[in-house]
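Two complexes, one shared chain (chain A), two partners (chain B, chain C).
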Partner chain A sequence: MKPDPGKLETPAGLSRRGFLTLCAGAGAGAALPWRSFQAASREPQVPAHSWSRGEVIPSTCNMCVNRCGIKCHVVDGVLEKIDGDSRNPKTAGGTCAKGQAGVMALYDPDRITHPLIRVGERGAGKWRRASWEEAFEYTADKIDRIIEKYGPEGLLFSSCTDLTEVFFIKFGKYLGTPNFARHATLCLASRNVGYFATMGSVPDVDLANAKYILMFGANRMEAFELPHNRDLITGLQNGARLVVIDPRMTVTASKGKWLPIRPRTDMALTLALMHVLIEEDLYDKAFVANLTTGFEELKAHVAGYTPEWAEQETEIPARTIIKMAREMAAAAPAVVIYPGRRSSWYTNDAQFRRTLPMLMALLGAFDTGGASFFNAGKVKLGGFDWELEPVEVAPRFDGFDEERFPLAHHEDGGYINLRDTILNDTGNYPVKGWMLYKQNPLAAVADSAKTLRMMQTMDFICAIDVQPSQTAWMADIILPETLYLERLDPVWTPAGTTRYIGIRQPVVKPQGEAKTLLEILQGLGAALDQRREFETPFAEVFNFTMEDYLDAQLKKLPIDRATLMKDGIWVAPGPGLKLGEYRNGNKDFKTPSGKIEFVSERFRRNGYDPLPVYEPVTGEPGKQRLVTGRYAYFTHASNQNNIWLNAIHPENEVWINPDLAKEKDIEDDEYVIVRSRVGEVRIRAYVTPRIRKDTVFITHGFGTNSAGQTTLYGKGGADQALMEDHADTISNNQALHETFVEIVKL
Partner chain B sequence: MTNNASKLERDRRDFIKVLGATSAAVAGATTLPGKALASATIRKPRYGMLIDTRKCVGCHACSVSCRSENNVPMRKHRSWVEYIEKGTFPDVSLNFLPRLCNQCSEPPCVAACEDNATYLRDDGIVVIDPDICTGCRRCVRACPYNARFMNPESGAADKCDFCIDRLTQGMEPACVASCFNKARIFGDLNDPDSDISRMIASNTVSVLRPEKGTKPNVFYIGIDNADESDNPSPGQYIRVTRHRRGYRKR
Partner chain C sequence: MRSSKLFLAGLSLAVLLFSVVGDAFATDIKANKKRGQVYYRMVCTACHVDMAGTAISPAGRSMAEWRAYLDADKHDASAKTNPTVRYYLSQAYRESIKDRNKAAKKFLAVPDDQLYADVYQFAVNGAKDSDTPATCK
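Here is the complex of A and B:
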């Protein structure tokens, strides 16, 4: 389903929708302010639906990273409605508000549908429309100049997890740069390091059958991770007890028992719970004896971490902690100690995360129903043969390697570390070009002023995006990618209890001149081939179609591409998950000892505390700790500008406890200033008892610098402008909850 | 909603077909119709909805799905979700109240319409014929649930109609289909074996503002329909976030 270039001139739905008057008056080459590119109407009229006509095309959502199965109702080339696909094992037919708003994302008047080249200062919002030919030449020139001056390692490639990301990384690698930055250190790097060291991997959890569920901060009812949010509701219906530890009462906390912990003291709670389990002889002795190492050291280690001590730290009463431990032991092994996902909280996060599988192991809550377990693996996809000559690359510029971050995932990079390296000019060599695909570091990384300064050191910034994101707005060129509804992607298979393959395929023709990432890289590669000689010319590297790639993936499977495109999903036959393999000794954990390690050999070897040591918390008088998180209808910073979603929550607020509001004489809904050491924002106050007095909360994704996001621009405040650039010491995962702010009445 | 009138006429005809005939109409549907519609083929249905607020997480899938399905103009709402926060730190509750037209059996909006532009169908759905509607707003004012609005495009009153267009295709209403926690059950209240009837029989359910005598056909489990005005005593915190931008309380 390659887009027919002949038809790109008149995008589907142009006449019916009447809002794609994008280029009226925008003569090529003329510098125009952003608004000139915008639609005539701010509220596009979608035609009335006609379910009796049209076709229903199965595909895979991309409004967040869950990849739910969807069915797209298309009439005369126009997408009218998205429904969930009830055959999808993860989602069972449901969608969320974001998935529903995919229709608006497709026809969003702020979408970029042709290449844009900056003509004013960076960020001034002055752009000119360019043809793809010019865009490829322009970008290849800039890349060529950087390679000439600094070598290919002078390029930094940033991208976010997605099905096509492999092409972008392949492109960078083949160009010869070792410098990549991916989303891990903006998200879950510390959790992964903690779990990998303790039990070799991050387990899945059986929330539907658990009797006791303990969640630290994880907010599955708003920050979706399917099927966990569905399973959690099922578990609650089945009578599970849910306890949520969070300084803020999230929607998830509202569905169970909310314990408003003093922030950054979570480890005191887990250590005290372990203390009670051991002290009262409530732990699973057989499990500990057979599947763990280091119990005696743990016992000695937690002896001093009493519930009374933990009460002083956490402000959770000792009797509550004792009760929790007893209830968990009674419910064991059907207990879920939830691993969490975004763990970019504190500078000691990897050590804190380690205590979660340790607690799990004491309860024996693993490899059995209602507990944690390792998944049934994925469907084995065929590999694509790239036929590449190997390229020699330099070491990373930023020292994000064995020596400085031995347990981190080096290929993912560490954002805080690399930005400091560039700004302090302490790298092995200069990095002067930044290629970005589907990533938005200006919004995603703490201390956005610092990110801006880093961008100003770049000779060239190229953003491949669908919309003028915060970062794209500061770029030199924006290359418009197709939306997920307009393209064929590599097939994907999730780790889960049921093994299956899903497909993402075009349901409508691309809007304007948007191209798929593969087409963009092919065009850019061809332009680079003309400028220099590569071991294997790019024309050969990317000498395939997406269809070829899919066929290679499906080669060894009893399903072909045409059938998969028709059905949308293929469920692998045979037994799915088999529990008990670890308990009966058939499988080992991927740790040095092959067991769950209370005393981590990996941590010990690399000079980190082999048992998690609690660090007392210091506050700042007169200031509040800033925490961030999600609402259910927004993903990261990616769709606050979506007209349908923005209408639900047009502007973010700072949550303030009523007692604090009273002290500061702040009324609900009035604008206040929130100030940190690195920035300040003007934002509405949301006075609510759903948060502790020593903590304030601001949801992410607002306060955009991009005037191209015309629905969002001018609304709310940016949390990343306030956050200082702390990071977890072991993983370099950024630590977003380490900033203290002052609330100032206006 | 320019073609509302013809749509409505078509709906009427199609619906009779579905009711009168045959499992063929159901079997040919793109989405499984569910028990309720299957049973609709053998008896006269009365449609209703049950919302289990214990399963609701206020995610707004329903309200955006409704906007997409029914092309609801911006700042107008056929379906919306209210958040109700109560209490004092740390004893706080947060509840969700998904809202839509109650499809009352004694609809005050129908009584208020002097032109018979809005009427109660045999299947229990209250509909509006925008061709007849003169835009007098009497029905909007008569509704005790604020479920109606004036559609600026058609000039007529507008509201939820249980997605009649989808029902004729054997599909569930958009809000029901999109709910991943299955907090909403749609079906035939006249069929004692339907999921909705059995759930109503085996749970404590309630309706909104029963004192109005409207006999709603939208039922709730685990409801907290508190309003700021319900609690005049100072010190007790109640906040209702309606998520109805553009809407002004009368």
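Here is the complex of A and C:
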């Protein structure tokens, strides 16, 4: 049930009228069983901020993956406000809308704060509240039955990146399953494969001191990684030239030169830029001679990729391409070729990503100020003394291994591959149980209808989450985890120029009966121990507290847990980033040759093109290519239901070019149907010249199937319902920008 | 002098035989890379960090270098420690450290040849020019 307005105090930063309007609008779409359940279980409490009293507790944000330092203002056990922590070297006091809306995430009336067991059909939204004891017995019983029938390999474990994810994965390993699916192939797996093959790792970038910044699709101003955003602003203030390659004019593109490239032709541009640099003798000869291999092959390879040819592909004028190459060469080595983060675009994405460090290398734009660099290294945390995992485990069920995907990260799994394997029944053996931790495949994986079908093949689905996500809504049981503001997490250390560690700690008591993941796994493990004998009993494996774990991490560092909890961070003494180590020969790249490799023998050996080969692009007449992304106030599909954040952007829309809108007689703000081969959605049109005519854009994270998300339910359309399930051929990273759609006037 | 020559001849023969047998181990025995990984990280890495202050990553050498090193079976060129690699994979060695090393204890019954094949595969498959370079931890 939505909050009773009569019992609410006004949330900070949101007018009472606005808040009431939101409540009424959102409540209209909620399913009755969920509302009835909610009404019996909780009331929201979002206090106004008093500013003048209480305590300030340092911690680490978890509203996205960036882990900014925060200060939590707590009065009488109630969290009133979240600010940035100015002592944090990475974020320097900054926090975004999402970070501040952590207050609302804590007191969200839709939060799950008691175990829920499904009583109706999957997805019908009929649940009953269960005690933890019953929840553990229920879940252990289901897992035990699957092990009995299919072996432990009959279980699939899916999780998203977080500080506690290690516990969840360990739990699966001790159970004996080899089947894990992590976040990578929904996001950045293709980028990683491309960079690893070329220069051994993905570099960081010095945006603050760059003179020229080239970004492909990356929407820095609306994305994670606050330090990069701040550094980009600093760089622009210092006079850096920013060029953004994107079929859509993002906020980032609006801060520099926007080149509206024809989608999927990005590699044509990078190849042509390399052509000009070599043809005009503008490349860094010393860098190429000392720190790269395969230049002559590259030179021959790009000889035919002229700017004039690239113009035909990209629709970026040849003279612009030539000018770009010359400007970059003039600015070199203070040039950033931005690696990007989410690289789930096209089926040739790993090969395209390879061209970015290649271009960087020609410019010598590495290991010096204003360029790319490998970070200073993380603080060396102590290891926890885990019991040994079973080593006699089955091969993966889905063939995601050295033979089929030789260069992929096999332990992370590949979602597109594994889903097809299940639906086509082509696996080595059946998988019938799905354990999910903070992972929402129904929203995150292209073609959600397929994901739904996959879920229906499962005998059992357990979701550990804080909210009724799209996937949790389809589960058989939901185990409520504490929010990041209610728990102690493992210590962490970031990549970057400063070596430090941060802590995430409880600032308030858990809402309802929510438990930490460690507590959940301990309870579940105990129930499983009662049912069967494991190689190492769970009672032994998880026989520790989070405090024990932190103490092991901090064992060799000159700081103790109590001090870290008081201060929030600890900065390691000594020098941070030291540039020039690669240029002066003190360090080698982690590649077979120890250098940046224009030609990848690893690719060649496995049947892939050793140099990136451009594939001509074909469109579909009368249709537009669908691209996706998000706005600054949302993370994946995780906080569109947050009342404060939803107030900023209640509903998503499809971006349509005015010429296309005119052809289809569509006006701004009217609802249209967007249809692909696999689905259709009804969504509001946003008619704007900020997008190419052959492309449409839909913000991710809306159109939820979960009536439990009462603020979001019934609003907008789901991009993943439209997307076909393409994937990068090398990494199996899903390719979200390979779908064509038609826009239909209602 | 004669005994030295005999010793050298015997050593050469042993090395020759071992290099053949070593390859055979690497190919004929079905290696368990996971076990090799656990042993490498929990025994080899732990000891190297304790004794030398630094670990040796599989990705620090090429596949050819790993094969040459493991086939030559010389653990330490200075001969300050036991000179063979196989010694540190042997049941005798595992027995000697089982009370302070979980991996040694757990894999105590694994035949020497099997564990050698396991570690061999992990190291070679994790080499810097392999498809999947591995770290030491």
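FYI, the second predicted complex is superposed on the first by the 700 of 746 C-alpha atoms of A that agree within 3 Å, B and C clash if a C-alpha of one lies under 4 Å from a C-alpha of the other, contacts with A are read in each partner's own complex, and residues count from 1 in each chain.
The rule is simple: contacts are C-beta pairs under 8 Å (C-beta built on N, C-alpha and C of every residue); 3 or more make two chains touch, one makes a residue touch a chain.
Computed from a predicted structure; not experimentally measured.
After superposition on chain A, the partners chain B and chain C are seen to fit next to each other with no clash. Shared-chain residue A:Glu389: touches chain C; no touch with chain B. In the superposition on chain A, A:Arg602 contacts chain C only, with no contact to chain B. By the touch criterion stated above, A:Val56 is placed in contact with chain B alone, chain C being left untouched.
In the overlay built on the shared chain, the residue A:Gly84 is in contact with chain B alone; chain C does not reach it.
Within the superposed three-chain model, A:Ala97 lies in touch with chain B and out of touch with chain C [touch as defined at top].
Judged by the touch definition given at the top, the superposed model places A:Leu407 against chain C, while chain B stays out of reach.
In the overlay built on the shared chain, the residue A:Ala526 is in contact with neither chain B nor chain C. Once both structures are fitted onto chain A, a short way to say it is that chain B and chain C open up an angle of 140° at chain A, using Cα centres and rounding to the nearest 10. Of the two partner chains placed around the shared chain by superposition, neither chain B nor chain C is touched by A:Leu579. Greater residue coverage of chain A by touch, when chain B is weighed against chain C, goes to B.
Of all Cα pairs linking chain B with chain C in the superposition, the shortest spans 36 Å.
Looking at chain A, you'll find no residue that touches chain B in one structure and chain C in the other. Listing the residues of chain C that touch chain A in their complex gives 32, 34-35, 38, 42, 59, 62, 102-103, 106, 128-129, 131-133, 137.
On chain A, the positions that touch chain B within their shared complex are 43, 45-52, 56, 71, 81-84, 86, 91-97, 99-101, 103-104, 221-222, 224, 226, 229-230, 233, 236-237, 249, 251, 254-255, 258, 260, 632-633, 643-645, 647-650, 657-659, 688-693. By the touch criterion given at the top, residues 383, 387-389, 391-393, 402, 406-407, 409-410, 590-592, 601-602, 605-606 of chain A touch chain C in their complex.
The residues of chain B lying in touch with chain A in their complex are 1-4, 7, 14, 30-32, 54-55, 57-61, 63-65, 67-71, 73-75, 85, 87-90, 92-95, 165-166, 168-169, 171, 174, 177-182, 237, 239, 243, 245.
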